[in-house]
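What follows is a pair of complexes built around subunit A, which joins subunit B in one and subunit C in the other.
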Partner chain A sequence: MSGSRAAALTVIVLAMWGLKRHYASAGVEDLRWILWPTGKLVALATGSPFEFERGAGYMSRPHLFLIEKSCAGLNFMIAALGMTGFALSRDGGRGVRTAWTVGASVALSYAGAVLVNTVRILVAIWLCSANLASGWWTAARIHRLEGIAVYFAGLMVLDVVARRFAEAGRPRGCGAPS
Partner chain B sequence: MKVPIARAFRGASTPLLWYYAIAVVVPLLNGAAARDRLFFEHTAFVLLVPVVLVAVVGLLRRIRAGPR
Partner chain C sequence: MKSSKRLLALCLLAPFWLGPRIASAQEARTDHQTLSPYFVVEGADPSLDQLPLKDTRVEVTVVGVVADVTVRQVYENRGTRPIHARYVFPASTRAAVYAMSMIIRDKRIVAKVEERERGKQHFEQAKREGKSASLLEQSRPNVFSMSVANIMPGDTISVELSYTELLVPTAGTYEFVYPTVVGPRYSSKSRAEASDADRFVESPYAHEGEPSRSELHLSARLSTGVPVRDFSCPSHQVVPKWDGPARLRLSLAESERFSGNRDFVLRFRLSGEEVSSGLLLYQGPDENLFLLMAQPPDRVRVEEIPPREYIFVLDVSGSMNGFPLDTAKKLMADLTQVLRPTDTFNVVLFADGSRTLAETSLPASPENLRRALRFIGPQSGGGGTELRAALERAFAIPRLEGVSRSIVLITDGYIEAEADVFDYVRDHLDRGNVFCFGIGSSVNRYLLEGVARAGQGEPFVVSKPGEAEAAAATFREYIQSPVLTGIEVTFSGFDAYDVEPAKVPDLFARRPVVVFGKWRGRPQGTIELRGRTGQEPYRASFSPSEAQPQEDHRALRYLWARTRIANLSDFGGRGDEAARAAVTQLGLTYNLLTQYTSFIAVEELIRNAGGEGRDVDQPLPLPVGVSDLAVGQAVTGGAEPELAYLAAALVLMLVGSRRRRARRAGSEAS
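So, the complex of A and B:
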């Protein structure tokens, strides 16, 4: 492993650890940096506002839906940060390239977390209104199943995007025989 | 039948690894199994749902490719 890749991965692993620590101790007020854009996008898609309620999260009264701390998508962002960081740092490079790897990984994982979480919440709102719960399949279990499916599908998409990014940023050799 | 499913799992191996690491391994290391009585049910969902999704994607690809 090159020194610059090790440096990039060290920064990324420290960022993942920092995010996990932050998430463990943060109140909903501290998570507005990720809950606010998610709430705005969900409000835009549903056409009904999500208002911030101190100590609770972003609440939609028409949908009776609360975007709370556990809905922040922080664990998704941490997984996405590690995955994109490892994919983008594969080619090594120095200086600016290392900074680009870290910056792109953070940007991709943040944007991915907000977008995937928005989709997850929109599907959850639709599932709530569809009233599918019956027997063993309680509303909580359906919500869990949906969350896992959307988050995993989101990671799959982000993996493809990160590979494309890595491909685009890869230095090309010239004069290769065709 | 086996090849498209195997290919789907190969393609999904990186996201699977990261998802399992963050959603199962980290909480286990933090002692969630002892604290949260719903942890095992949650873990079963986390382990099974992605596998079923990848298998379905592989099957759909096989069906779309048609008989050989």
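So, the complex of A and C:
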């Protein structure tokens, strides 16, 4: 592993740790930087407003659905940051390249978290309306499985996007890492 | 790579595919969704004033036994967008609302009474045309809804309504109650089947412990004719000022400015021999009215009291969580002390469902009473309020031959389907009485009074644990020796007609028998009151010629009409066409707010061309002691999967990627 890759990964791991710490102690107000765009996108897709309720999150009264702290998508962002950082840092490089890797990883993981989390919430709202819970398939279990499935698919898509991004940003003449 | 592209496309298209499906699923869900209160969502939009009601000013004047109340609600729009406000507020179950006016820019517009549908149409039209308008509708006899359209930015619009009510003393104590907030109601009715009058259930509430957002100012003036012996206000701090022994003025203390989260209760007693019996006469241009208040005899102790069966029906729903249920438990403990060893009893607990202590009622032995208290002890309050189902269960408990049954309901009354419960009690009453204990700082008195009335019992209100013991003692007194039974009122030589009530119920409490009616000709002849007290017959007579008709008694018109309306619709509950037509006619003739008539005031000036504006429901505080569980709305939160699942997903992806790479390397090598 090159020194610059190690540096980039160190910064990314520190960023992941920082995000995790921030998530643990943050209130809903502190998480508006990620909740706000998610709420806006969900509102756009459903056509009904999600309004901010102090101390609670973005709530839709027609859907009786609350985008609260625990559905901010930060877990996805942390996982995505690690994954994209790993994918983008393969090409090595120094100085500016390291900063580019970190910046691109953060941007991709943030955008990915907002988009994938939006899809996850939309499916969750739809499942709630469909009222599928029965026997072992409780609403909570269905919701968790749906979240895992959407996040897994989201990570796979993000992996592809990160590789494309890495190829596009690769310095001319560099080969793919072995 | 092709599959990855497909996955990417799928992800991007998913919101567009899901959006319309969610919307249509939501439409179906909205129709099936039950009516429900909800917590207020504070909008982030500073241009919108979400708290349009700024102030409520109440002036109470008590002259003799009649209270006249003027309520002024002040609406302001401090935002930058026009708004249409709606405010749901309570009133006394006996209130006869006879006037309303809207004051806008120092101009007073007197409201007209119209048939409900017509009034609504006029209001909606004025709203669309951009005219300021206000509409007062009755949702329940004690729940009103005020709508004010086109409140422009910077506007102050006041709406003033007036009502009158008769104060009937119990054991010599007069009580005036001004309810300030409608508690959150449980409803199992779907939105699709709900009527306009049921929509008040969908009101926004602030969270538990948050004070009222609008100010309350209340002043009362008592002019009793007879010196006031003493007074108390157990609910609020008041500042009294005496203008003479029979004239008292009261106002809320400054610290009570935001106290609109509990009923205002004022009690007073007069010097001398409690209340004297009396006859009030009014001679009007079209009709004459009378009011007879006949003080009953002293309670007679009955030595031989037959054994009774008591079924306690206790509400353990979400709205009873905490302080109300603690009070109810204390009350239950005190009520069990009322029982004698020869009595039997049972307990039904209810919320969404119901449970009974025993299949048949148990002897009131110390061991069984302890067992009952253990049965109630672990309850903490949660779930809905399926009151009718609980009463069905109570009535279904096998009866013992020759034993009188009393059903004792203990609840805050926060349900929407009152009429359904009244009908059930009335239809299933068989040699028994239903007594109601309302628990809380702002109970649904309409339910309590209605159930007690249908069940030929009495309502009680216990607002704190300290009052439980006294309430239980009074209950024992009522049960053991009713004041007057088999009551009949007859007229000879006095041409009375349209008398209300047609049948006077038995009197448990020591309060006057109240009879309203109209009269023709000359005030002469005799009114006779007959009944039984203990085992003895009782008879009292009154002479109309001794009472002088007075112009001051014109409030009797409203009070008579209100009593007739109550008997036709409030507690009658059947809602048939004849009753509907009669109530509508009474409302229009006597200028009264009813279930079928509303007050409407319209400012004819177009102030908001196009009528653009946001509908804003004034948020209500939860009554003191009521927990968030009373709102109990099931909001789904969309928690994301834990990080451990994502880590597992990443490991899976890594393993998959390595295997793919290994396969590719293998195929290239071969």
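To be clear about the criterion, the second predicted complex is superposed on the first by the 173 of 178 C-alpha atoms of A that agree within 3 Å, B and C clash if a C-alpha of one lies under 4 Å from a C-alpha of the other, contacts with A are read in each partner's own complex, and residues count from 1 in each chain.
Here is the rule we go by: a contact is a pair of C-beta atoms (placed from the backbone, for glycine too) under 8 Å apart; a residue touches a chain by one contact, two chains touch by 3 or more.
As the structure is a prediction and not an experimental result, all values here were calculated from the model.
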item	value
Partner chain(s) touched by A:I142 [first = subunit B, second = subunit C, both, neither]	neither
Partner chain in contact with A:N117 - subunit B first, subunit C second, else both or neither	second
Subunit B versus subunit C as contact partner of A:A99, first or second or both or neither	neither
First (subunit B), second (subunit C), both or neither touched by A:A7	neither
First, second, both or neither for A:P62, with subunit B first and subunit C second	second
Which superposed partner A:L41 touches (first subunit B, second subunit C, both, neither)	second
Which superposed partner A:S70 touches (first subunit B, second subunit C, both, neither)	second
Partner chain in contact with A:A153 - subunit B first, subunit C second, else both or neither	both
Superposition-derived comparison: subunit B or subunit C, residues of subunit A touched	C
Partner chain(s) touched by A:A26 [first = subunit B, second = subunit C, both, neither]	neither
Doubly contacted residues of subunit A, that is, touched by subunit B and again by subunit C	20, 75-76, 78-79, 82-83, 144, 148, 151-153, 155-156, 159
Parts of subunit A lying in touch with subunit B, wherever the complex brings them together	20, 75-76, 78-80, 82-83, 86-87, 141, 144-145, 148-149, 151-153, 155-156, 158-159
Residues of subunit B defined as touching subunit A within the complex	12, 14-16, 18-19, 21-23, 26, 42, 45-46, 49-50, 53
Contacting residues of subunit A [partner subunit C, same complex]	20, 41, 44-48, 51-54, 57, 59, 61-68, 70-76, 78-79, 82-83, 115-126, 128-130, 139, 143-144, 147-148, 151-157, 159-161
Subunit C - residues contacting subunit A, complex	1, 4-5, 7-8, 10-11, 14-16, 18-19, 21-23, 25-26, 28-30, 38-39, 41-44, 633-643, 645-647, 649-650, 652-653
